[in-house]
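Structure incoming, see below.
Chain IDs A, B, C, D and E follow the sequence of writing; residue 1 opens each chain.
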């Protein structure tokens, strides 16, 4: 049970620090955006930062760190697997460009 | 009544097998829902990416002011609401009823504020001529479709979350809900925050002029 | 009951297999039609390989099941069950090995066949033909004397006046001599490069005798190349549900000798 | 959990007891009932389709009254044929194959098999059924709207399904309702899956470790995990489709389409995007249909073989492997769809790999039949029949998994035969086995074995007569989804279709024997004892039917593996899971 | 002679139609005849390739069928143009006779079917295969029905005046028109481009000629009595 064995968070002070960190990452994202990188590079940066942010949120805010490891090991690989498999659609997205019907 | 109540309150207490994760069913179900919902959001974001790759005439209309500034404000509000949610969970766990209620209300209010800012943002876009099927800049019409459907889906989650938080806050004060329910609501609320961490960079920042 | 099950199952298995083997019944041919393309024999070969391998699996496993059920039917009361020789482990290992080898071979060889049809570019001397599918007919366009296709304009499509492709002969000289016909006429033994596109919903280009199949996706121009090796008249059918007239959506492929083809093309140019 | 805590004593009012009941057993029966309504409807639709395929100019008396536009002069129009086909597919896949073996039997028996008094979230469970029911009503409403029922198949490929009325009849309100119905259905399945997962993991009684769960429980659990992630993709896909249809977006509709001489306003979407999203759900859905049937059959077989199955752990691993692989193979539905041909190879290999766990499972069943003394009942016959049709359906997968062969066989009757055997008939056989096996527990009455056996023989031989010839038709290049075979190439094959039609009519008619048996046994059948099959799992440790809280206030304790047959126990040649005796492993 | 009685008769007619809507004999009156012609080079009509439907291809094997957007006759005349009273109409009688629209040899017979508002017409499939009839109205309600061979005729009517193109999706070359008019004073030009509108009561009319490719042209005509007026419509044609 939760109250018994796990989810004893480290206290609000720590969470405030995490919150400040997350806001900093958002700041970095905005700064990177306005350095006008090529879209592909920007995407890589933003995605990396977003995953970092999301990871922090899952880990600390959603208390996954304070649950049994089994929970994280069940949920995250499943999600990662599904998202990885979805990546198989990209080659067809590029087909939309290279094989577009030239009418109008 | 008997067994169910025993499971509910004192856990498995020797009558049931231990849950492999050692968490209440509600929390487990919420985690599963979060994963499922994450897949839903991924599907929509993948669809957005797919169409964006396939559209050579994609529009990038956003400027620092007002859109991104507003977006930073919304991010700040939503992140802060996560913080108040954490405070609510802490308070509830410690049994501080009124503090818990207060923090829950604060979270719901911040959520409502987020939704309001979002709607203002939508209103501005609609005034500029953006529609689900229309691009006032003449580029790909998918911009409006993707923007409104992704942020709309997120907004729906926020509004649903605000309602749920309000119900739980009142219910908690009256004794209908316990600390676990608050924690479960917290997981959902943080998830809504987490989704925004992808929506903001992918839908807003990637579309800056 | 067990005996009946065993017998019925074995009869079903044998009859099903027999129809595969003797697939010609009083003019009803239940087998692939003649192969008229350069790559078709490889598809057929791959299909036969799979047929032998999986047919063996089918017959063996059904007969095994039927036999075991037959045996199990009149055992005495208080029978102590016997364990399959070796138990589960050899079964699992043999399944992994046998089926594994089977599918490895199939996927290696099969993928090669696939890659050679769909992942190779068309030969440079291939005859380009433009194919447009629409509800519920195919139209084919040859470049005409200038060797150039006219540009397509969706808003100019007007089927009632015969402008199926949306050509603009008023402003586009290249479009004036384009030959538009309702049958695909090609010379034999010459590579053909089709460019498939659709004006409305998804259709499909399927010629059984050519062993070729490709969906025609609106918004995309999909290349498809093949070489026909036999003269004759074959059906081109749509296999992707496209609306009420789906079952009547077809065209004919006429494979002619090079001389006949040249004459035909000249006639068409003159007629249009 | 909190919600379960709100549950009180057994309700007494009719509505709370039988309609809006939170009792998982009532909900399970409701799902099964809904499934039976859907399957009868779907079967009648298939009869009409088959009649039309055999004799395309046949006037079917009364059809014009049913649909004046669909059958002028009682002769079916092609659009009506396609509508029937679409509704048949949708009803069968969603409301029968997903509802009955998974939601229906799962709801009824999963809590009992793990020794729980109810599902983890009884009220959510009730909601999930009524949401499903709403989806059903919305789908049926599509028959009666202007423009007619949808006709773009259960796959609803865009842009045909997305552009609206211009694309022909059936693309108006009917198609919108279809998409809406499926979206609603997704929500119901998500709720159901959450419930199943939580119940399996959290509400197991003392001693019911994961390893001691019956195969059926495992299958329902794995299926709910698949469903949780698969329906989550279909839901937004349907919402985007509805937006395309009603709000003018162009997610799935490319630009420059001219449909019925009208230039469409949409631009820039991609039909392949719909196919990807749909099949990303669609292939796991196939396993959502078949895995519970595999689980049910594996659960029932040992009781009649009077022995445990070979390699129980291996079998469960196979189920899990199939579930895992189901997410890696959706592209094999799209080999010739205009997808990048490289991807075809990428999808082909895992598809072929699926045959390994499937073969292992089949061999384990066959090997378990070896050397057993089978008790031939309707349930065991349907289990044996299941193995046979599963083999027949699985074998044709070897062909369709290879893009090079799919080049010829795609969208022919070979595909129809394949999926009807492996997911339609096999899952239906699992359902029949389940009903013959569990009806005594569910209603407290035994079913009539003689009628059941007649039903089995007609069904078993019948499905082979219907679906085996479809393989031959497919090899001959007979394209599916055709309303009639008019052209020179296909016309000679019509006699085969007529044979199939006659077989389908007879086999379908035989199903009414089953329905009669079901209704008759419900009221007139001999009373069932607590454990009529001398089976071991927990559902047989309570009365038939079980009381409101499943075990009458007892908290069971599990001491044994689930399938201890063929051993010496106090009760005979088997040892119940709840029995505390020590058993020598054999 | 007859003119003397005309006005009283007309009054009686008006009253009787208003009160009892009894069947009325066609009023005697003036006639407009004439021709529809063109100047310039009209587009060349294309031969229709019906290879998709072997039945029809066989039927037309000897003499190929051409598209019918611009059907010309001797002396630069145009067939299938509709001439009708577009303004000043009087004395129209409601159309009650059921018209017939046939599908034969993968062609519409007639190519242009003119009818009055609320006039019933039947659509017949004389071919041994399926057709679907898909009129594409903008004001009137749209429908799209298929007609398998051997099924009874489809009955239909329109309640608002409109020029409606008709197509068959199964045979995309099939193309026809439903011309729904507010008046019973209309005519379709024949193969020599001639038309004749009879029974016009004296008065001032605007006559409009419509041709599917070239659009419309209007002329004013005044009918004084039982006379016959001759007018010619001339369209300007372009080759593409």
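Keep in mind that, in the parts below, a contact is a pair of C-beta atoms (placed from the backbone, for glycine too) under 8 Å apart; a residue touches a chain by one contact, two chains touch by 3 or more.
Keep in mind that what you see is a predicted model, and the values were worked out from it rather than measured.
Asker: Under the document's definition of touching, what chains do subunit C and subunit E have as common neighbours?
Answerer: Where subunit C and subunit E share a partner, that partner set is D.
Asker: What are the chains that subunit D and subunit E both touch?
Answerer: Per touch definition, common to subunit D and subunit E: C.
Asker: Of the chains shown, whose Cα centre falls closest to the middle of all protein Cα atoms?
Answerer: The most central chain here turns out to be D.
Asker: If you average the Cα atoms per chain, which one ends up farthest from subunit A?
Answerer: E
Asker: Can you name the chain that lies farthest from subunit D, using the mean of each chain's Cα atoms as its centre?
Answerer: E
Asker: Comparing the two chain pairs, does A-B have more C-beta contacts than A-C, or is it the other way round?
Answerer: Pair with the higher count of C-beta contacts: A-B.
Asker: How many angstrom between the C-alpha centroids of subunit E and subunit B?
Answerer: Chain centres of subunit B and subunit E, defined by C-alpha means, are spaced 63 Å apart.
Asker: Please tell me the distance, in whole Å, between the geometric centres of subunit B and subunit D computed from their C-alpha atoms.
Answerer: That gives a centre separation of 34 Å.
Asker: Where the centres are mean C-alpha positions, what is the separation of subunit A from subunit E, in Å?
Answerer: Using C-alpha averages as centres, the distance is 67 Å.
Asker: CA centre of subunit A versus CA centre of subunit D: separation in Å?
Answerer: 36
Asker: Where in subunit B do residues touch two or more of the other chains?
Answerer: 20-21, 24, 32, 35, 39, 43, 50-51, 54-55, 180
Asker: Using the touch definition from the top, which residues of subunit E touch two or more other chains?
Answerer: 129-130, 132, 146, 165, 167, 169
Asker: Listing for subunit A: what residues touch at least two other chains?
Answerer: In subunit A, 78, 82, 86, 89, 92-93, 95-96, 100-101, 103-104 touch at least two other chains.
Asker: Which two-chain combinations qualify as touching?
Answerer: Result of the pairwise touch check is A-B, A-C, A-D, B-D, C-D, C-E, D-E.
Asker: Quick check on the complex: what are the subunit C residues that touch subunit D?
Answerer: 1-2, 5, 8-9, 12, 16, 19-20, 23, 27-33, 42-43, 46-47, 50-51, 53-55, 57-58, 61-62, 64-65, 68-69, 71-73, 75-76, 79-84, 87-89, 91-92, 95-96, 99-100, 102-103, 106-107, 110-111, 113-115, 117-119, 134-135, 154-155, 157-160, 166, 199-202, 204, 206, 208, 211-220, 222, 235, 237-248, 250
Asker: Across the complex, what residues on subunit A touch subunit C?
Answerer: Residues of subunit A touching subunit C: 95-96, 99-104.
Asker: Which of the residues in subunit E end up touching subunit C in this complex?
Answerer: Where subunit E meets subunit C, its residues are 43, 45-53, 67, 69, 129-130, 132, 146, 165, 167, 169-173, 175, 213, 238, 240.
Asker: Any idea which subunit D residues touch subunit E in the complex?
Answerer: On the subunit D side, the touching residues are 56-57, 69, 72-73, 75-79, 165, 168-169, 260-262, 486, 488.
Asker: Looking at the complex, which residues from subunit C come into contact with subunit A?
Answerer: Checking each residue of subunit C against subunit A gives 151-155, 166, 197, 218-222.
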